[in-house]
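In what follows, chain A forms one complex with chain B and a second complex with chain C.
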Partner chain A sequence: MSSLERRVAGKRLNRIDGIGKVTGKHVYAADFALPGMLFGKILRSGEAHARIARLDVAKALALPGVRSVLTAQDIPQIRFGTAIKDRTMFAEGEVRFRGEAIAAVAATSLEIAEAAVRTIEIEYEPLPAVFDPEEALLTGAPLVHAGWNDYQALPVFDREGNISGRSAIGGGDVEAGFARSYRVYEHRFTTQHVHPGYTEPRAAVASWDGNGDVIVWTNTQLPFDMKNMLAEVLDLPASKIRVIVPGIGGGFGGKLRVGVEHYAAWLARKSRRPVRVITTSEEELTDAYPRQPTVVTLKTGVSRDGLLLARQGRVILDCGAFANSGPATAAIALQVLAGPYRTPHLAFEGLAVYTNKGATGSFRAPAGPMANFAVESQIDLIADDLGIDPLEIRLRNIYREGDTGPAGETLASVSIEECLTKAAAAIGWSERKPGEGRGKGLACSWWLTTGGSSGVYVRINPDGTVTLISGAVELGSGAITGAAQILAEELGVDLTDINVTDVDTHSSPYDYGAQGSRTAFSVGNACIAAATDLRRQIFELVATQWNVPAASLRLENKSVVGGDKRMSLADVASLSQRMGGGLISHGTSIQPMPVFDPNRVKHHPLPAWTSHSFHAHAVDLSVDSITGEVSINRYVVAQDVGYAINPTYIEGQIEGGVAQGIGQTLSEEIVYEDGRVLNANLTDYKMPTMMDMPRVECILIEKPSVNGPYGAKGVGEPPCIEPPAAIANAIAVASGVRVQSLPITAEKIALRMNGGR
Partner chain B sequence: MTRHALDLTINGESHQLMIEPHWSLLHVLRGELGMTGTKENCLEAECGVCTVLLDGKAVNSCILLAEQCRGRSIVTIEGLGDPEHLHPLQAAFIKHGAVQCGYCIPGMIMTAKSFLDERRGHVPSEAEVREALSGTLCRCTGYQKIVDAVIAAARQRNSWPEEARRS
Partner chain C sequence: MGFAFHRPETIDAAIGLGRQHGEAARFLAGGTDLIIQINRRRLAPQHLISLAGLGLDGISETPTEVVIGAMATHDAVVSWPGFQKELLALPQASAVIGGRQIRNIATVGGNIVNASPAADLVPVLLALDATVDLSGSTGSRSLPLDRFLVERGRTERRPDEILTTVRFAKPPAASATWFLKAGRRKAMEISVICVAVHLVQNGKARIAIGAAASRTVRVPEAEALVEKQGLSAFREAGQIAADKTTPIDDVRASARYRKLLVAKLVERALAACADRIERADP
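So, the complex of A and B:
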């Protein structure tokens, strides 16, 4: 069914939370407060790797207004973590990065809490530290976790010393492939730490109730995961933890894991008062979950006409002092390296490596921009060397419908050719170097729609409105508006008839969370299931009343219709309240795992991708011949979204993702020197402003997926994958300078244009 | 610390407060008055989410002392429009899909109002809007739909309700 035949889905309707947001009435976690609330502050390590020789909090405790002080001595030190349980709430005897929490204070004002933290006395005995992930791999390198072998970890990961996870993907015989190649190319690429940059800091308010339950109001993307993590850290059954998510001011993968919630909960427990903890910009840039830096090496053998014959590669991912999602991210990098290209002989390896720097996380399309920067830069380098047009070499190698993917899975709904040709046509590819200092570049990729299950409760109210109760958080993308459009479509009501409740883990059904481009996809599918069940309930109830077969009834214009009889949904809901406990249904969804070849993947938590999307970016830019400054003239994205549930917010995802990608490409970096962040403020951490952003031209391609609602595919993450490579490729054309390390600052370009390295 | 009396006029209403001399306007708005429509982030005038109007001009309330606002007029997002009577800028932000997470939006709208009021009757170019609003960071939208919303609202200024046209 095309979008033309639908009333609500596919339409550019206003988002359901818009009015609250433009009037300042939408309450975010950072706005949330309780009477009598205390303010928490964390003491952080001033050393990158050291033993704590002395810690004295007596002066802090004595300060008027201080209600509690916590250190590792005061609470059970429970190790927690996503892949590996390698982290404790406070450093226990040893700090592993500059910025690690050592103590926390709750006081009647933030100023008093800050003053109290400054009075805490601490002495360190420095230990040898390692900051470079390649050095961390050398024999004899200092171990970030001497006791790594005793930690609990998910069994899928292969660990050793500073390697927190090693995974591999591939097949065929790469050596034989290289031997048969016309030419073999080897390149090395590096990428940097990048912060998600959400404008609302991480914030949590915790309060303990009369039942001994702790209620935590927080801006987490994963309320159910948060509940389990808090249960672990607080040493309580998960049923005693209640997570409520008011508004959330952006996340981008940076608000997946516990950040301030455990400090708020423990301080509230100790103080017997509600406590709020909120991060500062300095804390965000020193102890958050930024994108990992990587070193990617690629060796590629090609035939004379540019066909990829064999590819070997290694991703070294610097996960910092704690593994968090690093091992999984290093593994996902391998699919990004592989696709969207056919390669008979493939051998990729990913390593997540500990260093004495801040922990890292799952920033939007984890591993995507890093791996794509390497693959797509190299494809251009090969094309140039062989004298083949970069678009043409891509078209010769891309996946086709029914091809075999990197894990041996069969690929369906493949649209990469259409993405590439449309993006190239839109940018005017036939004229790649329109003038001196100006050039055009292309990059393409693919990405998954993350699985995991979703549940929704949908209730039809006696006034004819519909309440959608989901465990999924509206991050800002508009995904919940998209799911509500699907629900409205299925129930024959308007989008404005639908109300959505906040997520509360005590009452909302389970959802795997707002991550992995899955929210509209999975919650949308659960809404279809819920609506199907509600239609059954409605028809059965009305059929009994009218004494007609249920199959003779249909929904039309917010009413049940059968023959010449009609009953409004509102009246059916009232009837059901009187006779049947109300109209409510529980809809669920889960995306099936594709069949893959287990011999092609090793130690990989996501061995085969589902409902993958394809996309291509094309950019036209100019490089100043003296300063090296890059100005983007035009930026085009052709993205296969499967089905555009709401084109306006899909464009919003693309425009915003490209902005983050441009930031990563040209200006953003958390700069470390000997374990110390040199730019822990928003003046020196340079995110794109309105003046730095070009218009982004969006081409939405709709090649339906098998599993998504109305054929939709995941949309949110992909737009930040290709900008680094597309821009690097255009800069090479415009300036003759090929930069293989991110960010590609004006300084780097100017230095190279003037003969430096 | 000793508190002293301060009367502040916010959204046309007078507030009698007892404040500490070093408190910022942002702290008074959010912490003392519970007016959380004005947002808090970097606290060093880099991100712009705390922007309010002081005598009609956009200012970062995080680095403005409350004391400096004595005898002056403050307008926050709560004073611009309410859900039943949106200011044309608020309506344009919704219509153009300029709102995602929304955390920067109050600051963005207040900056846009100050900018449009300064040059009444002038429909700004895209470059002018980008320059004027570049002090507020948005991480969700890539800014494009915000620019479109501001220009669209400016184009229709003649049909704005009388109340919205006043600065």
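So, the complex of A and C:
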């Protein structure tokens, strides 16, 4: 840890967007409205895979109050997508999942729009469908995209038929490793669809101005990506698209990609009026970007004393009808499956597979909870079989400083031992089964801090305040407050002196977006760069005035100080405004890619992780012997954050991530039956309530990264990775029942305790 | 989704509106289910007749009887001081209905008339042999709750009738009630199974179960066995209850799990009642 005493960074300061949010004055995208605005509504497919035989919108067009109706006929045939351009705005002749958009209506009220959608006549001719990703891999399985080979795709991905992406990582000789092993274990784990659960639905208002530019107010996490996506779908130069983000009521990776924005923009274009589109709960649970279900098989050979010798694994990831981030997620799963463990012989393969279900996406720590559930459940199974304590077997296998990672990269700032021992100590690991029906479990993992560039403009105003203009959005995590704390620290001002502007792609500098645990990290670094340049500008200006060397000046107490002279920052800014156009700088950051061994990875978009974090979770829970109901007594997280820029908001991230993890573990699942979602409402899609949540005890470990601001590492995603495995391991101790499929419902536990399967 | 909203000030006025609009009207109590049904387009009443201004929200006790107004909220049941000893199952059930905001507006009458098989308070009232009082254009009448309930969403109530009160005899001192609920989470949960038991020392036994059939049901065979054999028959009574009920498979739970829950929760609730009676006994 740095011995440097900091005034602003590292402090538990109130977030800059806090007052507006707790007083209800903050404007979120779903609050945004314009005069004369119309309301858009989407007609969705009632079939999972079918040819559209007839589509007639005449009655909808004739309904009073309806201003426009759009189908695939009315717009250019443009395919878009993150990894593969496999999706269209409306189904073109063929629907590929139940819930796919077929038409859209804009009307003077939402009720009229809904009524109009119900009048649209449609006839289908059903086609063979496939719902199970393993069946989709079989020879002769129906193809979700018969024309897959003609789609444009990022060259890194290896595709074939229903496989939208295949990747691999590993080295050594697993067969030789298994042959040398004392025992070899094979297990299979399955995980489910879960929704990101943001409070605010996806919302967009679009309006076209006199120049033929379209302005879209939306709660997207990636405004610049959205701008480019809309340019594609609207068939316009990107400079004609202006994306503004008023406020976001949570995203968790579910608001990365286009959802309602293109419908709002096209309907507004056709209607010549502003149009708003907001999703309903039913739409969220049938056509959003939930976490992909997976089937993970893992074969592990160990020595007599529990050292991992060889591991072979396969992750089958069900990406639904469109690939979106599936191929990348199946690839990232492989590093999670490796875990923070040394393994001489490793062969992992990831497959993203199309099925006739809704698309999926990059929910917080994509692939993290699924792959971690497999590896960390299996480590406990192996420990039990060998008679080794689960903490001990982990400590024997974890990465150490300078070890080689799965892609052959050299690992630095490795803190997994400290995470494990502190979490175990806090939960009282020496007493793993404190009583009948009660047990404790552990799980650990590692995760990356995503790169991507950030730019900021920073201006010092003549009143001494500082304006931070960034293209990064505040998702609700407090990340922008964290970046502002770094900026205040660097400029010698208070956090309350910093103002942050809303994101507007016409004027904000580029940012890679609120994804991958990177906002505070990357924007913080850009702020350091901007502040460095501002200090140079300030010192050069004042040096000229005072006729002293710039190097003799320093910032202190919101003033420039040199010898016995002092000038306030406000006066320097005024001076600069009079003499040189003001104090403004452009700071940028990009995280360098680490060196890795290309022979160890195939078709992998993120072959080696950067500024990785380590973490361990420990839980103490009780299982009801009759109902199987799980009650969590205590929950501990020890997470290496590199440097805690604002401990309060880091703890908030950990608490929220654990809540989402508990939901995925115990109660949440989008249930499909033959392509139909059975629980497309918030009565039966069960996110945990306050009554289900324990207090989460956070232990922040600060082992600095090389690249992060003041050594910080990415914080936001990791907390939802370990809960499934930690809780599964504790349930096994408490009840004697080992459940290898998520969610671990009370029903699964109770039926197994009572002799069923 | 347009409807006219009526707010009558007397029971007679409410009944008159009910008769006038017939099937096109719905009486509105707490609205925690009705409004959802309207929003999901499963119901489209043209008239909503509010029962909020009729003075039906009271709870009262006589030396022999407890009377709960149909518009009493679950929050009121939870905080009624008279429901602590033998009647503990009432606040036990009301306390786990929905969440705090729902309990603050959802009513006892709504829970009954809505006739959901998963209603949490209904098994308790059934176990207490409760009677419902109805007022309509042809006068007032009373029915045992057990006869009032027909099946999912259906009761003996006529379209112009209002459920005004639900009443039951005060149980003797040497008795107990107990309520248990199983669901996937600890609040905002529709019961996967709920069970209410009423046990009188050397007297009657009542076992009522929710979410295990097309309506909330009692299990007379299991009750008779417990009345005859007492403590030693608790496990068998649970098994009989499981055998006699007909739960379904749905997205919330399998029929198999529900049967298991019925057997075990009935046994657990009976044991809890016996334990309370024993502890209260000097």
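What to note about this one:
Everything that follows uses one rule, which is that the second predicted complex is superposed on the first by the 753 of 757 C-alpha atoms of A that agree within 3 Å, B and C clash if a C-alpha of one lies under 4 Å from a C-alpha of the other, contacts with A are read in each partner's own complex, and residues count from 1 in each chain.
By definition in this document, contacts are C-beta pairs under 8 Å (C-beta built on N, C-alpha and C of every residue); 3 or more make two chains touch, one makes a residue touch a chain.
Since the model is a prediction, treat every value here as computed from it, not as a measurement.
In the superposition on chain A, A:667 makes contact with chain C only, while chain B stays out of contact range. When the shared chain is aligned, no partner comes close enough to touch A:451: not chain B, not chain C. Look at A:247: by the touch rule set out above, it reaches chain B but stays clear of chain C. With both complexes superposed, B is the one of chain B and chain C in contact with more chain A residues. Contact with neither chain B nor chain C is seen for A:439 once the two complexes are overlaid on the shared chain.
Applying the stated contact rule after C-alpha superposition, one finds that A:259 touches neither chain B nor chain C.
By the touch criterion defined above, A:629 lies against chain C but remains apart from chain B after alignment on the C-alpha atoms of chain A. In the superposed pair of complexes, A:689 makes contact with chain B and with chain C alike. In the superposition on chain A, contact of A:199 is made with chain B only, not with chain C. Once the two complexes are overlaid on the shared chain, A:594 sits clear of chain B and of chain C alike. The residues of chain A shared by its contacts with chain B and with chain C are 681, 683, 689-691. Every residue of chain A that touches chain B in the complex is listed here, in rising order: 12, 14-15, 17-28, 30-31, 33, 196-201, 247-250, 252, 280-281, 475-478, 648-649, 651-652, 654-660, 681-683, 687, 689-691, 693, 695-696. Across the complex, chain B meets chain A through its residues 30, 34-44, 46-47, 49, 76-78, 80-83, 86, 90-91, 93-95, 97, 99-106, 109, 129-131, 133-147.
Across the interface of their complex, chain C is touched by residues 111, 626-627, 629, 631, 666-667, 671, 678-679, 681, 683-684, 686, 688-692, 745-747, 750-751, 754, 756 of chain A.
Residue ranges of chain C in contact with chain A, taken from their complex: 1, 36, 40, 99, 182, 184-190, 192, 251-254, 256-257, 260-261, 264-265, 268.
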